[in-house]
Structure formats: structure tokens, C-alpha cells
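Every chain is named by a letter (A, B, C and D) in the order it is written, and numbering of its residues begins at 1.
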Amino acid sequence: MAPPEAVPQAPEAAASTASPVLEARSVSKRFPGVVALDDVSFSLRAGETHALVGENGAGKSTLIKVLTGVYRPDGGDLRMAGRPVRFARPFEAQQAGISTIYQEVNLVPLMSVARNIFLGREPRNRFGLIDFARMHRETTELLDGFGVRVDPRRPLHTLGIGTQQMVALARAVSVNAQVVIMDEPTSSLEPREVETLFRVIENLRGQGIAVLYVSHRMDELYRICDRVTVLRDGRHIHTGDLADLDRMQLVSMMLGRDMAEVRRSGVTSFAAEGHEAARTPVLTATGLSSRHHLHDVSLSLYAGEVLGLGGLLGSGRSETAKALSGALHLDAGELTVDGTALNRLTPAAAIRAGISLLPEDRKAEGIVPGLSVRENIVLAAMPRLSRAGVVSRAKQDRIVDIFMKRLRIKASSPEQKVGELSGGNQQKVLLARWLCLEPKVLLLDEPTRGIDVGAKAEVQSLIDDLAREGLAVLLISSDIEELIEGADRIVVLRGGAVAGELAGDDVAEDRLLEVLADHAPAPEDKSPAAQEDPR
Amino acid sequence: MNETTPAPAAPAAPAPAVPRTDTPGGKGPRPAAASEPGTRARVAELLQRQGVLAVLLTVVIAASFIYPTFASLDNARGITIQASFLAVVALGMTMVIITGGIDLSVGSVFALGGVLAAWASQYGFLAALLVPLVACGAIGLLNGLLIARGNMAPFIVTLATLLGARGLLLAITDEGATTYLVPKDSAFGELGQGSVWGFGYPILVALVLFGAGGLVLQRTSFGQTLFAVGGSSDAATLMGLPVARTKILVYTLSGLLAGLAGALNAARLSSGVTIVGVGMELDAISAVVIGGTLLIGGAGSISGTLWGVLLLAVIQNLINQIGSLNSSYQSVVSGGFLIVVVVAQRYLARSRRST
Amino acid sequence: MTQAAVSPPVEPAQPAEPGKPARSTGPLARLRDPAWYQEYGVYVAVAVVLLFNALFTDHFMTADNFRTQLVQVAPIVIVALGMALVIGTEGVDLSVGSTMALAAAFLPLYLGYGLVPALVVSLLAGAVVGAVNGTLVSLIGLQPIVATLALFVGGRGLALVMADGQLKQIVNPDLLSLGTGSFLGVPLVVWIAGVLAVAVAFLVQRTTFGRQIVAVGGNRSAAALAGLPVKRVLIGVYVLCGVLAALAGVLATARLTASDPSSLGTLMELSAITAVVVGGTPLNGGSIRVLGTVAGALLMQLLRATLVKHDLPDSTAQIAQAAIIIAAVYVARERRSR
Amino acid sequence: VSGCSKSETTSNAGGDSSQGAQAAKTPEASSGAGCSLETYGAPKLDLKNAVVGFSQSEKEANPFRIAETQSIKDEAKKIGVKKLLTTNAQSQLSKQISDIQDMLSQGAQFLIIAPLNSDGLEPALKAAAAKKVPVLTIDRKVNSTACKDYVAFLGSDFVEQGKRAADAMIKATGGKGKVAILLGASGNNVTTDRTKGFVDQIKAEAPGIEIVAQQTGEFARDKGQQVMEQLIQSKPEITAVYAENDEMGLGAVTALKAAGKKPGKDVKIVSVDGTRNAVQALVNGEYNAVIESNPRFGPLAFATAQKFYGGEEIPENVIITDRAYDETNAEASLGGAY
């Protein structure tokens, strides 16, 4: 992890003396129908941690892709250490010492963890062949540093999204780089992993490495970033020391709205008071078991409440949600909706029964990238929006219009391909897909992942409203604040089994952490007990 | 030879894109199973990884009991020499398919390689090998350039070169009227006709190439890059891997191997026959896919392809052993056999997922 | 719930801002836009080939000649329509040629009962082939290319077994008139292909089934999680493809005035796939271009016609075809925005 | 020195009528010394107790191949051969080689081979020679050494067939006109020979005949029809068609009829093979001549084999006499067509 040119200076000193390691001068980038970057200038100094913020679709990821040779800018130029550079391919940016974690986890799912980490720079033995023993050893060591314990031979796609993100981090940081760029690295991480990440960033800063950090989580920015650059609608709005701005100022800059308007929203946008839940459950799950995934999970969901699902990485929250929506093969267990048992559990049956799941992995399980915003929204509702198998454009347009407005989906038109939208807007499209089904039960697996402050607030108050209107909501969130403030009740999972339930006044951060920590061996805990996989 | 694919747990069918009903996009098994070793588990593991090998062995053993003439050394020699040319072609095809591509031009390139080798054999051994390799490598390179730099679909590019190579072959043989002959008793002819213990040199060449191919695929950066490109071309690009160069190289390699196979075949036939190689691409693709390589790319193995090629050869041999089928029934039987084999292999592969 | 479906703001869906038009739109500017070629490249290519023939080929721009080209391309179009649907699901069907042969083989066996029963049986044969393919792909989970390879090999064998290897002359006047008759001066086979093209375009664009096909091809996991009947869609698509191939087999037989299972439809799978791909449908699913497919088939047909009419030897003809396919696809290739 | 092969009219093949039987022409004097069991070095054998192998090259899906295989099978049964192994190479040379090897390892003691191609069977012939298994090649000749790699060749002379087709063409057209050739499959030496014989003879004998098109119809009826349809449009001046097999010729008939022309009158048609359908077309007046290529090799092949084992010498080439059909004898000879 040693940088090529270690500059063991204090961060401030490094930041003030060194010339920018990486610089973009008036870059522009257009896509058909959108100006994603409009004359944006930006500079990154050695040893600083620089926040890049802006709403969904502001152009953050595009700027990063321009900086790293994924996109060729339509105008403007790049410099490294004062010298003009042009990257024809990401490969060249990497050669120049820029290491990047892109927003969508960009590893090869079918390949093993170790192969992913070492792709392109595999250790060789003396015959010039790949030395797998060493590769696996080094992978284990490297991941240990990140608090991740996983068999280096395991195919990446068998890991949860969070773990995959840690693997991507490990890869990025283990390359000798002068610049490390992270596009929303924490959106799928647990609090504890976030801490690990911050330690890593601290470490990089100590080595004089510049970090460009994108996140929608304000508290994170204030904890680790020195300076900030704000983008809005593809334009550069502001660059300066983060310490000079308070949260409100920052948010209002991002949203382009005035302070008073912004001030009204608190940490989260959930209303302070809880919801009035019905007496009888809409959905009851008893004894859900699926080999290796779930063990005898039982829970009930009441109309009008938000049930939180707590747990650490890999505790089985996503699996539970999938099981409830018919997307996971169950070895045992029963599901009843409004008192009637569902016997053949498939996603289609669950949807018919009024259960909708917003899946966790947006790219793999959510969007159909080649289809338009409109079609992605109506995908699940199509049968209802057609007559005799013929789709009704008018009906579709009405729904799509409503939801694009309500969720403020930013697209050049409903006909734009979803694959071209920014990450946050893709998430909103998915939310719209499930909301337009008018479900009784809404299962939300990380609904606010990767969406900006404004939109997050909207989604949160939407969840609130939905519960108030009588919907039963299951909320999975790695954002503890969101979980605590949003949920009326929290079921905590551990190792695929229910470890406890919090209700009433117990729905509080310290209580949750208590249950989480109770007998859960921390992943980074290297005690012999922790090595035993309980499953 | 290599046994592991980068995705030992990857199912033999379009895995990530085609989840089974139970878990759309579901996560694979946890590693817990690995902590309970045992012979049973290990056998299961081997079967999973080499489902084709299991099917092949079953068929061979069954056939040996049913047809006494099947299990003879003579028959083994015949089956292996026949399989060796397809094997060399399928080796290149495996690599191409692992990158998520396909090469339909191999049959024509194989024929062209043979004609060129026979023509060049009058100028000596070296010419007889170099001329086809250069020409066929160039066609492969063209495929690679159009696919990687031109961003065109491999299927259509190689379909075009399938036509083009055949046209070229007809052009240099006076519309197929001229057949170039390999000089009698030339070193080049010996390459195709000589043998060790009755096993022809082409078999040895194929084996050596498979050994080398296995090493390249599993133990070199190039090999890893092939899997990465096939597993996720975008990710590979973002990881800074030389995606375009890798693709160009792999199609060139496929062209080279098809040309080499053609040359070996010409040496064996001692002439540059113009009508060979028709439909060979489909045989090669079936062998590769039967061998467990995913057509969507990202997972596969060289050894699987070898078993796949042998399985096809054995099936054909068995149909002849049955003896009295007319040609129409032969097609029906081989189509049926194909279904049985791939379904069997599929189920073997699936059983691994549920463990 | 909910206010969602109830609240009726009737303003037009606003293209959520900062969509400054990044493209100029003059007729000439369009010709310089790569995206335009991607969309319309195949039509441009058809026009270019037509223009070439108008200038350099004798007796080309005649009604009779166009009729010939359309009649010859009709079966390819029909097969390619089905193929386009299959390709839209990220699949491929190699068995279409054998299915044509199978349909042809059934015809003479049942023509004794009249045209309609024979037709029904033939189309049913196509449906059965499609159902087998679809089952292997969706329920067993085989890769489409191998799943359909089995019937590619076995299907023609079966056809020959049923026909006893023999070509059979067709004498049924109804069937023959299907092959030779015309309506309003346009041959029946061309009508049928045209109507089917419109029907398939409608299916793809405007029906739930059509949109489900595209969604399944675009992201199968997402489609499954969205409750789409993925397996049913897949089987349905292969059945449709099989039926269309069978129909093409029937029409080709009617035109040939003989049932020839040994050679009918050989290499049809490649022609159909070429038409689909040249027409701009990506092989990795998620998008189907029906009109493009028709144009793709037409382009290849005109190309073959041109080569025959200029009496090029097979060698030159094949090289020329290769070059033109590459050129056409190159122009219309997808350019990554970078 | 002299041959042994004169009186081969012993029996007929398919049981059709005695008209269909093959007859060997007197081998050319130049054929040199014949091949005897002794010179060949094979063990003595009683065919009745022997395992005989027959390697067919193409699918039994055209009348020629069906008749050929059937005739071998029938004759083997008639003679009482202990076991007849049959294989079919499905037009793949590599398969034919392994087929032959497979039959050798299954214990074949005598082989009859219908080669797919003149070149390339060397490995198979060597394998047979190594096991001292005599090989008789029929129908197509191989470019190997007689009496070493194989015993002898029985069959037609394809160049001669082309030549005779040219003569028939000259007769039908009166030595004037524009001819289109429907070529067989590219790269195949039957195609090459039938083209060479025809073209050379036309050049030498009929300066008034101009060959205006040579396009492949791949030996298939539908391809022949399609090419003809193109030619009717682009070269309306064509007055005659030479098809290198009957199937393509019949395809041309269909195309001409559909275009409102009278085949056999407006456009003369000559082809090679002698299938029943072609001779019937001749009877119907839609055809002008058919040069036979007689596939009924069974009786001649087994008789030759018996002579070989009886100690007689077999000439290198046993060329059979092919008949010719035209308006004058068509009706009468219909029974002999296959």
C-alpha cells in the first residue's frame, strides 16, 4: 500500500504547498440531450481529501469518468502535476497513478475475490506463471486490513454488495497511486465498515495521497474532507474549505434553494411521531428457512407501520426481504397475506398478493438498462395498464408523468434509457415501479442508497406518508439514523435468524447497537471463536 | 492441465443473467460446505467441475460393454485422430467464447489453411506451416480489429469472414477445380501421417497445445484478462485491463489455430481439399459449450472442451457402431444424443449449486 | 393506497430540465451524426444497393424484378421475424431451417385431407419444435445455441425420415396457388410476409407480451423480480419462432411446388440471424427492431440478386458479400459515447 | 490384360425394371494391367461369410443417393453377405474418413466406398491397405493409385457426362442460343468435371452458343429455382439452361413456368442424372434432355468383387455406360429412371 512518492507531511501543509496533482480545466461533456458537464474546473491537491457533492445527476460521476479516461471530454483539458495529460483509456489513467472506485461496483462477478483484486498485476512465480498461493495469501492479508474475512477463492458474485464494495476498495487502495477517487464508496457499507474506510483514508492522507470523495452523506463529508467542490446541473458552483461552510449552506448550494427552505428538514425527513398500526397483520411470515441463508425467521407486518430490519452485513436482511417477495427458494416456512396463505411463492404471486420488493442491487436486479424510463416504471404494472394484452400508452403516460414529478426523476424525457440516468435517478425509477403497483406491503431494501439529500428527504417522507396511508413498509437500511427514525419497530437479524426485536422506546441507536453487538462476532475480530463460521 | 475455472461455483448455464426461479439474481452458496471435506464431497466437486468428463466416461464404459469392437486400441486411435483437428479449432474457440465472443469463421479458415498449406508444401516444410499461419492469423486479426476497435458484434463479423475466407479459397483454387497436393514423402506430409504407437502426430500436437492453452488460460495475466473481459467487459475496461488488445489477440489466436488445424489436416490428407470445414464452427461451438464454457463469457475451461470434443467423436463413432441406421436416422439419433448429453451435464452442474 | 394513481396533474411530462439540445438538426447535420446511421444505416444501405443497380444493372428497375426479389425474400423475412423475437430475449434459434424442412415434410402427408388440415399440422410441428426449444432454454436452463442445435441436427433427420428421404411433388391446387397467386398485383407470399411484419411490430411495440420479451432480454433477473412470467415468455417466443419458421417452410414449399426436406431451409438460420443483426437488433437482447429486420433481409436479398445478375463467380460473390456485410454493419455500429 | 467386365447386365438394382441396370462400357484399352487378388495382396475371402462395409458420402436425401445405397443393400442381401455395415458421411470428408476407419475396426473385410471427393481419402485408404482390406470405389473416382490404395473404380465419367450434355444441348438448340449454367456445389469435383466437359464441348462444336451465366445452384432444387428467377429478370435473352443435376433443372422449370415461359420450348433445358421426375418432365415436354448418371452400383460392385476373389483381374477403371433420355425415348424409359 506504499505510495510511489510518499510525502509524509501533515495534510494541511501538503495541501497548501503542493501544486495540484490532478486538475481539470473547463471540461465539458455532452450526452445526447444532456449537458452533463458544462465548463467545469476542478483541482485536487496532494494529501487532501476533497469532497465532490451535488444532487443526483449533477455530474459527479461524469466528472470522475472524464478525469479517469472513461469519457473523452468534449472540451477542456486535464493536467497532472501541472503537465497536460490525455487519457485515452482508464488503463492510462491508472498508469499515471489514478486509482478509482466507480459508483457501480465494477468488478468481475464470476471471478474470485483474489483474482479480482489482482487482475492485471498478478504475482508471478519464477516461471512467469501466476502464483496463486501468494495471491490468495496476500488477498487474505489485504482484506484483513479492511476487516473483511472471506475465502479469497470465492466468486465475487456470491458476496453481498457491501462486501463487494470492500473488495473494490481493497483493490483500489492496494495499487500504488497518487490519487484515489471514490464515487459513493459508503452507500452500501455498514457503520463499522465505514469506520474502517475512514481509517484507510486517514492513512492515505498521511502518505500524501489525494483522495476525491463523493458521497451524499453529509456527516461523512464533515468528518473526513478538507475541501469541497459543489456541482449543480453540470456546472461548477463552488470550491472551498469545508470548514467554512455549514451543512445548511452546503445543502442549499447543492440544491440551489434558499436556506430557509432547506432548514425545515431535519436529519431525516421522517415525522417525529410514529404511525398508527392496524391490529391484525397484513403479512405474517412463520419459520422461513432456506439452507445457508435463513433459519426459522418469523415476523409480522401491520398495515400502517414501518418495520425496520436491522443487522450487520450478511445477517440475512436482504434474504428475508427476498423470501417475503417470493424471490428466494424456501425449504420451509409459510407466508400469509391478510389471513390467506400463499402456497406457490413466486415474485408474480407475491406481487398479485400486494407485496412489492425494491431490490438491493439496482444494476443486477433492478433496472433494465436498455429500456426507457417509462418502460422501467411500468414494467411490473404492465398487465394492469393494458387491455387484452395491448398496452395503453395513455394510461402509461399518466402514471409515468405522475411518478416522474412526484419523485422528481431527472431525465431528458420519459423515453431516455434508464442506463443513461445517474445512479440516484435510477433508484427513483425503481421506486416508482413499485409504487405504481399500489402494493399493500412494500419491502424496501436500501431505498435511499445513492440518492442525494433532497431526494433522500423526499423518499423518507414518502415512506412516512405511505405508512400513514395504511401501507405496511419493511425498511432495510444500513444508515442507522434512517432506520431508527424511520421505523416504528425493528427486527434484528443475525446469522440468518431473528436475534431480537425493538419496539417503542427501545427503537434507539444505543439499543440497536447493543443488540447488534450482543453476541455477534465482529468480522474483524480475529479471535478463534470468530473464525468459526456459525453457519 | 487446468481444472479450475475462475468461477467454480458458476453454473454451466447462463448463470448471472439467468437465475433459477428460486432466487432471481440469488446469491450462490456460502463457503460453509467447503469446511466439511470428505470423499463424497470431493467426488461431487469433481463431477461438478467436470460434468462432461463424467458423461464421457459413462458413455465410454457403457459402449465398451455393448459393442465389443468399441473398446479397441484401434478404435481409440481412430477416434482421437479424428478428434484432434476439431480439438485444435475448439481450443481457439474456447478462448474466444470465454471473452464473451464467438468465431464462426473457423470452418472456412480451416479449409483455407489446408489449401494454402498444400500449395506451399512444394516450397518445403516451413513454408507449408508459415503460409497458412500468416494468412489465417491475418483473418483472425481482421476479425479482432473489427470487433474490438470497430465495436461490431462478433457473430456478424465472423459470419462475414466465414463467407470471405471461403470465397478466397475458391478464388485461389479456380472455383474449387484445383486441388493442390502435398508432395509424397515430404516432411510436411509426415507431420500429418506419422505416428507414435499408432497415435498420429496431430493428436500429440493437439495435446501439447491444450497443455499450453491450459497454462495460458489459468496461469497468465492474459488468461485472467480473457475471463475478466468475458465476465464484464465494462468492469475490465474500468479496471484498466487492455480489453481491446486482448480481444484482438484472442481472435488472432483463433485464426492461427484454425489455420494450423487446417494445415495439419492437409498434411494428413496429403492434399488441400476444398470442401472441408463446412459447419465445423458449429461442431467447435458445441464441443466448447458441452465442455461447460458459458457462451455469455466469463467462465469456462480448456479441459472441458477437450472432453467435449471427444464426446462428440465418441457419439459419432457409436452411431457407426449401431451400424445399420440410414442417414436420416443418424441425424435424429445424434440430435437426441446431444440433448441427453447437455441435459445430463446441466443437471450435474446444477447439483453442485444446491450443495 | 393511493394518491399516486388518483392525483391528476395533467401537465405534460416535463423533460426534467437541463436537457439543452446537444445536437443540431439540419438534414445535412444529420448525415454527419453517427447515431443517425446507427438508426437508419440499414435503410441507407438498401438505398445504396438499389441506386447501384438502377445505374449498373440491366432490367433491374422493373416491377417484375421487384416482385421476384420480394417473393424470394418473403420466407427469409418470416423466419427472421421470429428470430428477431428470440434474439430479443438474448437467445438464438439455430433450428429454423430444420423446422422449415419438418413443416414441408408434413404437408404432403396431410394434404389428402385438404389444405387447412395440412397447414394446421405443419404449423403445429413448428410449434412443437419451438416448445421443445423453449423448454430446454427456460426450464432446463440450457444455453440457447446448444438447445436449438439439437433440433438443428435432429429436426432435418426427422423430416427426412418422415418423407422417406424423398422429394414429393405438390399437386394440391390450393397450396400451389398460395405460392403463385397474387392479390392486387402483389404475390400472396409477399402479402403474408408484410402482414406478419406489421403484426410482429405491433406485438413488440404495443402488447404486454412484446414488452415483456424485451424486458426479459434486457435484464432477466430484474424481469423475474418484477413478477414477469419469464419462463412463459421464453417458451412463447420460441414457439412463435417455430411457427413462423414452419409457415415459411409451407410457403417455400408452395413456391417450389415440391416438398423437399433435404435442402429446404439449409443455412436459413444464418440468413435470418444476419437479417436481424444487419437490421440493427443487438444480439445481446433487450431491443428488437422489426422494420430493421425486414430491411436487413431485403438488403441481403438485393445483394445476392446483384451478384447473380452480374454473373460473378462464387468466389468473388462470397468475398463481396462479406465485404458488404461488414461495411453495412460497420456504418451502423453502436458507437460508445465517451 | 483384358478386362473382366463386359457382361454386367445380370440384374437390375432397385427392382424397378431391367432398364435401370448398369452396364460397363468396355474399359479403354489404355487402362493397362488389371488388378488381381495376388498383386493386391489381399487374403482370400468368401463374400457370403464376409463383413462388408459401405461408406456413403452424402445423405440419402436425393434420388441418386437413395438409389445407390439401396442398390448396394439389396445386392448384399441377394448375395447373402454375412453382415453389411453402412455409414453415411453427411457430406463431411473428415467423417467419411472416420467412418471408414470405424468400419475397419468393426471388422470389415471388404469395402465399397462412394467417395465424397477425389482427394483427401488417403488416410482411410491407407488404413484399409494396412489391414489388407480391398476397396472398391464407386461413382466418384479418387486420385490415388489403383491396385495399391484401392482395387478399382466403377462409375461414370463426369467430364464425359458434361460433354454429352453439350451434345444434347446443341441438338436441342440447333447450335444457337444463349445458355445459362446452373453449377453444382462449389469446390466439388463433380461440378468441376461436368462444367469442363460441357464448356469445352460447346466451344469446340457450337460457336453459335454463348454461355452467358454460370451460377451455383448447389445441386438443390430451391437454389436452382431462385437463381433461375434472377436470371429470367436480368438476362431475358437466355434460351437454354444446362443444369448440372436434375434437381436444379427442375427448379428452373418451376421458375420458368411461374414467369409465364414455356420450359422446353422458350427455354431449352438439359441436365444430368436421370431421376424419375426429370424424365417425367421430359415426357411432359418441359425438358429437352437428361444425361444419365446411373447410381445402381450394387450388382456391378458385388459382381466385380466376386470376380476379384475368383482370381480375375479387374481393370483400373470400370466405366459404366450412362444412357441419355430425350423426347424420343422418355416415355418408354420412364420405368428405368430412379
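Keep this in mind: contacts are C-beta pairs under 8 Å (C-beta built on N, C-alpha and C of every residue); 3 or more make two chains touch, one makes a residue touch a chain.
As the structure is a prediction and not an experimental result, all values here were calculated from the model.
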Chains touching both chain B and chain C, listed by label: A, D
Centroid comparison with chain D (C-alpha atoms), farthest chain: A
Inter-centroid spacing, chain D versus chain A (mean Cα positions, whole Å): 73
Inter-centroid spacing, chain D versus chain B (mean Cα positions, whole Å): 36
Between chain A and chain C, centroid-to-centroid distance (C-alpha), Å: 41
Per-residue multi-chain contacts in chain C, two or more chains: 160, 165, 221-222, 224-225, 313-315
Residues of chain A engaged with two or more neighbouring chains: 70, 327, 346-347, 359, 364-365
Sequence positions of chain B contacting 2 or more other chains: 16, 20-21, 24-25, 169-170, 175, 326-328, 330-331
Contacting chain pairs - touch in the sense defined above: A-B, A-C, B-C, B-D, C-D
In the complex with chain A, residue positions of chain B that touch it: 6-10, 15-16, 20-32, 34-35, 215, 218-221, 224-225, 227-228, 231-232, 234-242, 298-299
List of chain D residues in touch with chain B within their complex: 56, 59-61, 69, 84-88, 90-95, 97-99, 101-107, 116-123, 126-127, 143, 185-189, 191-192, 196
Chain D-touching residues of chain B, taken from the complex the two chains share: 69, 72, 74-75, 78-79, 81-82, 85, 169-170, 173, 175-177, 179, 181, 193, 265, 268-276, 278-279, 313, 316-317, 320-321, 323-324, 326-328, 330-331
Residue ranges of chain C in contact with chain B within the complex: 90, 94, 136, 140-143, 145-147, 149-158, 160-161, 165, 220-222, 224-225, 231, 270, 273-274, 277-278, 282-283, 313-323, 325-326, 329-330, 333-336
Residues on chain C engaged by chain D in the complex (per definition of touch): 57-60, 62, 64-65, 68, 71-72, 160, 165-167, 169, 180, 252, 255-258, 260-264, 266, 305, 308-309, 311, 313-315
